[in-house]
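Both complexes below contain subunit A, partnered by subunit B and then by subunit C.
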Partner chain A sequence: MSIARTGDAGLGRLGQGQRVQRRHRVVRKKVVPWLFALPTLAINLVVILGPSISAGYYSLTEWSGVGAAEFVGLDNYRRLFTEDRSFHRAFLNNVIYLIIFLTLPMVMSLVAASLLAPIRRASMVYRIGLFIPYVLPSVITAFIWTSLMDPGRGLGSQLARIGIPWFDQPFLGRSSTALPSIAFIDNWHWWGFLMVLFLAGMQGIPADLYEAARIDGASRWQEFRDVTLPGIRPTIVFMILMTSIGAFLVFDYIWILTQGGPAGASEVLATLVFKAAFNNFEAGYAAAIGLVMSLLAGAIISVFVFLRRRGWEI
Partner chain B sequence: MSTHWRTVRRSLAAGLVASAIMASPTLPAIGALGTTAQDEGKAEIELWFDTTGGAETAECIVANVVDPFNEGSDSTVVNATMQANGWQATRTALAGGGGPDIVTTPGPSWAIELANAGQLLPLGAYAEELGWGERFVPWALSLGEVNGELYSLPTEQETMVLYYNKTLFDERGWELPATLDELTALSQEIADAGVIPFAHGNQEWRPANHWYLGEFLNQAAGPQKVHDFLTGAAQLTDPEFVAAVDLLTQYQQNGWFMGGLESYYTTTTDEMHATFGDGGAAMLIEGTWFLSDAPSFFGEEAGNTNEWGWVPVPSASGEPTFDLGIGSTYSINPASANPDAAAEFLDYLFSAEAQGRLLAECASAPAPIDLDDSAMAGIDPRQADIIQQLNAAAEAGNYGYLMWTFFAPKVDSFLTENVERVWAGEMTSQELLAEAQAIHDEEVADGKVPPIPQRGA
Partner chain C sequence: MTEPRHGIAPARARREPNLLPNHVVLTLLLVFSLGPLVVLGFNSLKGSAEIGRNPLGPPTAPIWQNFPDAWEIGNFSTTTRNSTILVAGTVAGVLVTGGMTAYSLAKLNLPGSGAFTLYLLVGSSLPIQLFLVPLFFLWRSFGMVNNLFGLVVIYVALNSPLAIFLLRSYMLQLPSDFEDAARIDGAGEWEVFRRIVIPLSWPGFLTVGLVVALSVWNEFLLATVFLTDQERFTVVTSYFNFTARFSRDWGLTSAAAVMMILPIIGIFLALQRQFIDGLTKGGLKG
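And then the complex of A and B:
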């Protein structure tokens, strides 16, 4: 009995020890990670969730940005969707910007990456050369291109002097060309970054896949289509996601180069937010536009998440 | 020297100056004046200020106003900080319950917003004690009132004039215009001669649109009509205003502003001034702030032998009319721990002594206070002439209304942005003005239009 009692006691101690161990394991696995994440979460709560909630509230008010806000319900959204032609135009410009950025830099960077991938000699020089625009501040890039595109003293006028016409036009001063010109400048800064990412993705594709394709008699195009593209699909899809979000949030290049002009031709949602909040004292209305921008970005991310859950390898 | 190379040189110089300032150990002298041992025990107040003249003007203001005040005051020391985009920084700081002791805004309409939100200290008691009512010209001080209480003091009295390249005019024998009809005929004559009539551009400063729009509204429709609109006795959709916008549109579409709309939108401020100085363009409608820049584009410093002159912007009637405006306002933060010290500095800043020095040393437009002729000693006689004629017109109450001072911010912003759509043919003048009138009516209902002084006051 004593043995049994001892045994029971031993089992009890063992059970207690296991429980303690289990508790420690739970704490280690479930609690400790949260403790590590807590500072970041706390910061995010303060600087993201808090302002997001307050922006949501202010979007339902008439507020000048200073002083008290007057609750007006959904009036800002009614005005946004039914009255404000500037909003409609800016939204359309964001869509155009999105289309440009989902095509031009994607194609350019894919082509450049596939051409650079096999190069070994001086490959770093090419890569750095194409990547440098990405690390330039947008103000510098905008200043460079404003000077280059100046119709009177820029590159175009120099070309015109040696008999190459057409380029000496006020691209940023013309309604029909202002937005594409800004997109061109922004793309000049962006596509090198895309190219480097695609290049890194391509270098992760096993060489024997290419070898097998060649043995099967695949052409360069078939290699690209059937080996390279599937190999870097996650990178492509991720960059499509990032580009789409970026196209709806673009502000700096447009503000520096045209401030949305001429005649609203390059106005986008972000410049509209700035003007509403700081020029017109309509911070409540600006919050409504900002929230719509966030919802657009959220919708794009939702599509991405949905496709992943459906089993897409992205 | 060509316009191109001078512009490049100025850009490089600006870059070098900016780099030097960034790297300079003397930056704190501008960024924030440090207190010294002799300042111990004094009340410290913060001043954030912004200038269109950049670092050089900022240094000049500190050297000619802040430093002398700090040396002369027994009780107060001012820490002056140059803030690029100062208005945005100030507004954000105020919303957070902080900000400098002295609050500057871009104009009376902005000060009204802050006053209505309880973010400015009433200044009536200080004005009475320190005699500001007698010092400022009446029309200007009343702009700082909200519901009968004074909240802001106006600085930089501004007007728009027609500058012309005198050398070019003399060479070509062009007559100076007095009426808008004469200005239109002259512009055609200048364009026919292969010269750009007006050196204008808004690439760097999009709101430049309201310089011209405001001038055409006042000079074509007349200041009385603009006054009537601001006080509710007239509508922006009245034919006089529509005709004024149509006339400006005609000037733009004729290519008289910098050779065409596309050039107008891509011309920087330096380029337009250089084109004017070099004689590539004959005239320039701009504010009195151009006076501090003029020596850089005319004469020895600019590498040419040209001279500039000025006349009032021609009006429909031919009677000279100066449109008045205020560059910025000064107020006291209600959260200031030392409001009396802030008032002491404001009293000094708006003294004839300090304003005279700013005018003479920094070529800054003086505040709308009574300055005697001695303040004009040593400044360019053309600048003195503008100030004296402007003061005389203001005293007689015969003045027009610059948009950024007298229009509600939202109306000003709407017109400034959307007049480009009229120039592009996307909307008519009537449509533009009808929408602006609707916004104005809302702003009046919300009490966001500055008090409009009586004409003749």
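And then the complex of A and C:
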């Protein structure tokens, strides 16, 4: 559109040759850059934007996935918020997951990174070794830990054999422990990645600050609290944001390890979407849950933006 | 802390903190991270009977036959081919389309680049669950379910934003002299991109390629939804079914697991700097 307009405006004033040249320049400056971006844009529209918009429509319908969708207004949302107990349970489980992931991996990775930061020799060995679980596929991590947590042939059974009881329980098969166990396994895979991020942040802190703290007689804890933590605050805040969003989207480990069981004890929003769409053929209802998940993620981002606008240094 | 008594001591000698406790704690964490993998390796060489007696220690009589058996029963020749096609197709698609877009953003002053970048950013932070259901039924109406190419298109869309951000920041560091010289010689933008920008930014392409390859090789949710025919299973989704069928035969399932992760760990160790660099930057940009 803008190309045509620029071309027309030039018509009166420019001669034939200049006009061609000018049009050529406009093509080169405006059209060619968009030609380069076109494949990305086209694929993105078909895969992400189009289906995202139609999800908004389907969430207002009763639709099995085949045939016509029947418009039912806000009925899916009414059912979701007032009738569906499993939705409440799933939401609560996502919150529990969030709380676990805002504490356990954060503490582990901050401790490990601050212990690793002053080390020169062999630091690569630690860094690579602790990072390796992060590159494994979730099905493998899940298999390794279901074996290790097996009450009869796992770690717990060996501990029991040498007189340490309690660990030989079916942690994944029991309602009270299923969700924390999944979080523990997910964290085994995740925390090393967080550690490497924090380590990179810590290595960017100027050495003078530590020198100054030592001259002032700061203890190791004071050094950590007053130099290290403020130094990597941008990374910490960003990872809190990412963790908060991620905890509401978790799917892989839950699906692989328990499929939401036993009896809904580890059900989360993402497994509900999957079951509604592909097991119960309620695609409209699944779209409604998916939309609620997106709004949750959007709300978390908005809180961060709001706090930043209010002058919080995050 | 004790005050340094002799003021003339060199700075280093004055305050070299004792790092032994650090090494002890870090070694324990290393055992936590790698111990399970060692046990996996041990178990891949055991039969069921021995795992019952000795589930953690090294095998007394290694059973190497577990590996060919797992390869056969797990249908690895088919699943490896499927996963390789998905990885190669996605990496090629992302590098070509993402590289072109990154070039446009970094070097061609794409008009409306601010809005376009914002769009990519928002699009890449939308949860898959939002568009998964309509996308599945759209793909089914196209006949692209149980079709490797259909899944490649989805993977390209999902992996492109990250690739574009990484490649764009890489290309921004390149000096424009060579490009300008080529343009003066009459080269079109496509030629400049292909003959000058790609060769100069190949380390960026390598990093992005590795990160995308890893995420596609390991991907679970979309592969589960879009490839339901056994002949189209990936290594990962096939393994998920394999462990369900042979849940008590740990020797076999462990051997299959070892075969799956050895190439990943091997490539990771060989190129760990690019991997960690790409993955951490990717993590920081969403």
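Just so it is clear, the second predicted complex is superposed on the first by the 263 of 314 C-alpha atoms of A that agree within 3 Å, B and C clash if a C-alpha of one lies under 4 Å from a C-alpha of the other, contacts with A are read in each partner's own complex, and residues count from 1 in each chain.
Please note the rule applied: a residue touches a chain if its C-beta (ideal position, glycine included) is under 8 Å from a C-beta of that chain, and two chains touch if they have at least 3 such contacts.
Quantities reported herein were computed from a predicted structural model and do not represent experimental measurements.
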item: Combined model on subunit A: subunit C and subunit B, fit or clash; value: clash
item: Residue contacts with subunit A in the superposition, subunit B compared against subunit C; value: C
item: Which of subunit B and subunit C A:173 touches, first, second, both or neither; value: first
item: Which superposed partner A:52 touches (first subunit B, second subunit C, both, neither); value: second
item: First, second, both or neither for A:34, with subunit B first and subunit C second; value: second
item: Partner chain in contact with A:130 - subunit B first, subunit C second, else both or neither; value: second
item: Partner chain(s) touched by A:262 [first = subunit B, second = subunit C, both, neither]; value: first
item: Contacts of A:219 with subunit B and subunit C, given as first, second, both or neither; value: second
item: First (subunit B), second (subunit C), both or neither touched by A:153; value: both
item: Clash-bearing segment of subunit B relative to subunit C, given 60-68, 96-104 or 330-338; value: 96-104
item: Subunit B/subunit C common contact set on subunit A; value: 65-66, 147, 150, 153, 278
item: Partner subunit B, residues of subunit A touching it in the complex; value: 64-68, 146-147, 149-153, 169-170, 172-175, 258-264, 275, 278-282
item: Subunit A partner contacts - residues on subunit C that touch it in the complex; value: 1, 3, 11, 15, 17, 19, 21-23, 25-26, 29-30, 32-34, 36-37, 39-40, 43, 51-52, 55-56, 96-98, 100-101, 103-105, 108-111, 116, 119-120, 123, 125-138, 153-154, 156-158, 160, 164, 189, 193, 214, 217-218, 220-221, 224-225, 235-236, 239-240, 243, 250, 253-254, 257, 260-261, 264-265, 268-269, 272, 275-276, 279-280, 283-284, 286
item: Touching residues on subunit A, where the partner in the complex is subunit C; value: 2, 28-30, 32-34, 36-37, 39-41, 43-44, 46-52, 54-55, 58, 65-66, 108, 111-112, 115-116, 118-119, 122, 125-140, 143-145, 147-148, 150, 153-155, 157-158, 188, 192-193, 196-197, 200, 211, 214, 217-220, 235, 238, 242, 245, 248-249, 251-252, 255-256, 269-270, 273-274, 277-278, 283, 286-287, 289-291, 293-294, 297, 301
item: Complex interface listing, subunit B residues touching subunit A; value: 4, 7-8, 11, 88, 91, 94-95, 113-114, 116-119, 202-203, 206, 261-266, 271, 409-410, 413-414, 417-418, 420-421, 423-424, 426, 448
